[in-house]
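This report refers to the structure that appears directly beneath it.
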Amino acid sequence: MITLSHAKKLFSTSSGAITALDDVTLTVERGQIFGIIGYSGAGKSTLIRLLNGLERPDSGSVIVGDLDLSVASEAQLARARPKIGMIFQHFNLLWSRTVAGNIAFALEIAGVDKSAIPARVAELIRLVGLEGRGGAYPSQLSGGQKQRVGIARALANRPDVLLCDEATSALDPETTDSILDLLLSINRRFNLTIVLITHEMHVVRRICDVVAVMEAGRIVEQGTVAELQANAKQPVTRRFLRQLTEDAEAQELDEGFDPYAVDIGSGALVRLVASGAGARDLVLADVARRFNLSLDIVHGHLSFTREGASGELYVEVPAKGQELVEVLAWLAERDIAAEIVRRG
Amino acid sequence: MITLSHAKKLFSTSSGAITALDDVTLTVERGQIFGIIGYSGAGKSTLIRLLNGLERPDSGSVIVGDLDLSVASEAQLARARPKIGMIFQHFNLLWSRTVAGNIAFALEIAGVDKSAIPARVAELIRLVGLEGRGGAYPSQLSGGQKQRVGIARALANRPDVLLCDEATSALDPETTDSILDLLLSINRRFNLTIVLITHEMHVVRRICDVVAVMEAGRIVEQGTVAELQANAKQPVTRRFLRQLTEDAEAQELDEGFDPYAVDIGSGALVRLVASGAGARDLVLADVARRFNLSLDIVHGHLSFTREGASGELYVEVPAKGQELVEVLAWLAERDIAAEIVRRG
Amino acid sequence: MLEALFPHVRLDSLLQATYDTIYMTALAGAATFILGLILGALLFLTGPGQLLANRFVYGLLSMFSNVFRSIPFIILIVLLIPFTKLLVGRILGVNAALPALIVGAAPFYARLVEIAFRDVDRGVLEATRAMGGGIFTTVFKVLIPESSPALAAGLTVTLISLVGFTAMAGVIGAGGLGHLAYLEGFQRNNADVTLVATAMVLVIVFIIQFVGDAVTRRLDKR
Amino acid sequence: MLEALFPHVRLDSLLQATYDTIYMTALAGAATFILGLILGALLFLTGPGQLLANRFVYGLLSMFSNVFRSIPFIILIVLLIPFTKLLVGRILGVNAALPALIVGAAPFYARLVEIAFRDVDRGVLEATRAMGGGIFTTVFKVLIPESSPALAAGLTVTLISLVGFTAMAGVIGAGGLGHLAYLEGFQRNNADVTLVATAMVLVIVFIIQFVGDAVTRRLDKR
Amino acid sequence: QTKLTVGASYVPHAEILEQAKPILAEQGITLEIVPFQDYILPNTALASGEIDANYFQHTPYLNSVLADHKGDPTYDFVSAGAIHIEPIGIYSKRVKSLKDLPENGTVILRDAVAEEGRILSIFEREGVIKLREGLTPITARITDIVENPKNLKFQANVEAGLLPKVYENDEADAVVINANYALDAKLDPVKDPIAVESGENNPYANLIVVRQANAEKPEIKKLVEVLQSKPVHDFILEKYKGAVLPVND
């Protein structure tokens, strides 16, 4: 669907030229959701702007569908564009039109029958959760609401290709998820090809088939999320992936867990916080063997790496009195802080 | 430092009034980092705009320092504002000034000595990682670069209070982290009070002392991140917290782990994928007891809830042949999929 | 009472002059609006870096739009005589004044249109291109609506200038308040006529400004 | 050769007229720029919803700025005689024309300034307020720089109009190319003089437009 | 009811025509007056047939116009009759006669082609300057002055209506003002000037000018007749107090 080969783009500034894109080659298959990540200023927006001809490469070619955008005439581009939706980083709404008017605008350009517009607009407004605000002007909207108008506008003409430049960066997780679900379902149903710039790895993980990592105008790594997770070679990729793990490592308690609602019989509910090398071995198994107790993990979370385990667990220890004290002491020796939450 | 009581703000639109803030009461202590989360359109930006008098409440009071902004004169506000930095959701840079000029602008307004400006500007440019781009105009910057200029500008006068409206939404995780570190260190060193709107829970978790959750113009829940994690009552809060857990649950492999680099002696490296109720018990301990083997978790991740454990572990099993087969079969009975990755 | 205060003011000629001024301003204003928009859009579009960027055409249009603004009005009228005759059939009177008024004012409004268009947000123009919008869409659905407050304010300025111009149309017997003030007031040294006619001009100008301001404010949804 | 083509053109009077036109345009232009900026800023700031919003003052300024634009030029000159005399000492000649030219052009530029200021991004004005910027900062560091392309383009329009106005200053012996074209060309039916004088006007106008365009483009960093 | 459209300079021509209006109306002729500010367009309008007659020029100017448009069949103008003369007066706040004008003194005249030569002739007649030989007064220009012992500076570049103001403000050593403007400015055009053009044998009588074909039309004849009648003459004499003189020929 999309093929970039050896695309190069320079911007000349007073302090010399800036290489925004440096020999970028990539292919996006029809129906693929293609993610682009990279540091600020890496060239992501420039890259995506090549894909609808807003920017032309200084050299190299950009083929979308069967049109080479790098040499297409402005008229050819205009014909192709209604089928290439774009969500802008800065929304770019017309202040002079209402929410409904902004969405209708895309339909008008595409030459949609006038009588069909209102129904389609209403549908799109519902889709992005702006019911009741159709008559509001952009100046009366919050940041996220503006972004959703931009999304609705980009989807209005049921495009074949959708270009998203940080399309969900101004949205809360709930709205982000509903938009991503929407994109996924359109992708599945209509075989929509999506190219998506984002800074949020969970967006990538959630919907991208392939992700390209950009740095200083180049694509330095590319693959499925799983591939990258297994084999990331570039520090920049690892840095992005860490976004996923960090949250995990620091996670403490799941929502809705109430230590006072646990039935612990005559034993105790113990909170263990593990960190560091001592916790590396499977200490709980050792406790079980050594004290001949059947420990039961009620709730919690652990991560294991070669450096050791870290995390927090609520464990039901079927012991009391002196025995319980001994278990805790034994754990403490192994870098595990134990605290009795409740006794049975 | 900041006290809002019963603040209310309406916007009148053609289709009736919109209650952007509905009886909001909150207190931010000096030196606190106060997070605000909530769905798009919840009233977060409106709230933060009360805190420097860009918007006045229709009723209620807004006290920052010892000034009641709801009744202060424009001149009083102007005197107070250089010490209340603000990072805007839409950057709001002067296109007519370069990066350096935009940062200098804040200093000029605050009446900083002309000769001291260039050095301070250079320092701020370095702080936000825009070295070498000081002479660029906003139109020559990427989205994230613009946001960083906005951040530098807000910090220029070493404010007492910093208001951040999605200050990192256009930034990649690396830049976000460095900005957050910067904010944290200023907060610690100068006792800067920060009020921060964000959609990213890991931003909240990373730096916020207290977080308030907004919904439909009200603060529906408030507390430390840990408190909220333990006791979130509102669905909206849970939804935001889920952002943290989701990533964890789905996490597969840490970066840099190479199963082929593990020394497993004569045993086998087994990948266990646990899910569902059967995995609830501490099965590894049982394996250890039953087969009298000392299992060693090499790498992986587990979450425990009352419904069972889920996650993925690489475990070194010091067994081979028939014994290994039996262990795997025993695990399978307990809803744990086991797969031999390597044999010793 | 009025006669005592303004002994030389004749009500019928005052009313006629007021009517003539309004007539010329309204008609020339309408034509100026349309022609100015067209010429302004062409100036903008052929300007450097724009959709139809063309140095030569831009230079030509720019030259053309400046010629008429800088020629003395009476020479303009004489130059336009053949054209006026063709169009209006006469070379005297209010209708005959229209071509010269329009040709004087339209290029001027065109420049204001060009300036207003240049202030339209680049991002929005880019979004329009990205949606496949052509020149027609860009002009009629983006440039004009998005610059509408500036267009309305510019038209207000132009109309008020036109009211001033109509005084000059007096040279071909087009009457109007300015001419009345000049001929009956100034030339005959009747201060009262000058005063009343000028006051009348101000009333018209005030109304134009008031309506213009109101429209400008209504159009502005930013 | 030239004499054969343009038998009635006298070089010395042409040069003098050119000089006069440039002199009047330059001086009146400079004053118009400054006074127009001030008046325009006041109009903007006292307008509805702005920093110094004040219906009454705005109405007064608006009225004031319209009065002079809509009075016939010759009446304006007569009205200004006492003032001109006080300021310049004479009521004839290029210097005596300056007050009338300025009073005619400055309010006009003021309107263009007001329009340009209204197009400045609301967010930037808000950010300025949020940083504690007062009126001085807002006007000199934000409104003027952020609207500078429109201000430059507006000044270009105004200067070119001024070149046209100078023709009218001929009535008080201020000379200038427009008056030369009228007196020596038009009145005496010497088409060659009209042509040459008009061509000269166009050269001046062309230079103003060229420089104005270049400055406008340089200022625009969007 | 026949309609007659006459283009005229505003003062005093249009004012005089106003007087004829009711009289002509009684005779079944509706007179429409089209005021003009310049001296070109009234002839252009007459040539194009848009007005039936004009009333602003004197014979020398008419002749020069006809010469300029030789070969243009629409410029077949003839005079239907002379109506009045506006003797020009020279005013000064500084001197009492032309002879007293100082060395390098300035003289300001109106910016009208038709008057330049005529005014210079007054100065020549008074012996202040000498014009080049062989010129008709109408074509004489400032540049045609060959002898100017006082080195007077003539400036023909001020709007006629402003000249009284120029005089009042004492801007020049001498100001040449048409009588009617002097009158409006409360000057006495008979007593105040330091020199006056003589009314006798004055070729500068203002004419009713028409196209050849219309010269014999009864309504034109009637117009001239009325303008030359006693009531109108009385009006002129009374209104302009000698600053405008009625003529009959």
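Think of it as A, B, C, D and E in the order they're written, each chain with its own count starting at 1.
As a working rule, contacts are C-beta pairs under 8 Å (C-beta built on N, C-alpha and C of every residue); 3 or more make two chains touch, one makes a residue touch a chain.
Quantities reported herein were computed from a predicted structural model and do not represent experimental measurements.
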Those chains which touch chain D and also touch chain A: B, C
Chain pair showing more contacts of the two, C-E and A-C: A-C
Whole-Å gap separating chain B and chain C, where each centre is the average of the chain's CA atoms: 57
CA centroid of chain D to CA centroid of chain E, Å: 36
Distance from the mean Cα position of chain E to that of chain A, given in whole angstrom: 90
Residues of chain B touching at least two other chains: 90, 139
Overlap residues in chain E, where contacts from two or more other chains coincide: 38, 40, 161
Touching two or more other chains - residues of chain D: 74, 78, 122, 179, 186, 222
Chain-to-chain touches, reported pairwise for every pair that qualifies: A-B, A-C, B-D, C-D, C-E, D-E
Chain A-touching residues of chain C, taken from the complex the two chains share: 51, 121, 123-124, 126-134, 137, 141-142, 145-146, 148, 219, 221-222
Chain D-facing residues of chain E, complex: 38-40, 65, 68, 108, 111-113, 155-159, 161-162, 165-166, 169, 171-172
Chain E - residues contacting chain C, complex: 7, 10-11, 15, 34-38, 40-41, 44-45, 48, 50-51, 161, 181, 184-186
Contacting residues of chain B [partner chain D, same complex]: 52, 54, 74-75, 77-82, 84, 86, 88, 90-97, 105-106, 108-110, 137-139, 153
Touch list for chain C against partner chain D, complex: 48, 62-63, 66-67, 69-75, 78, 108, 111-112, 114-116, 118-119, 122, 147, 149-150, 153-154, 156-157, 160-161, 163-164, 167-168, 178-179, 181-182, 185-186, 194, 198, 201-202, 204-206, 209, 213, 216-217, 220, 222
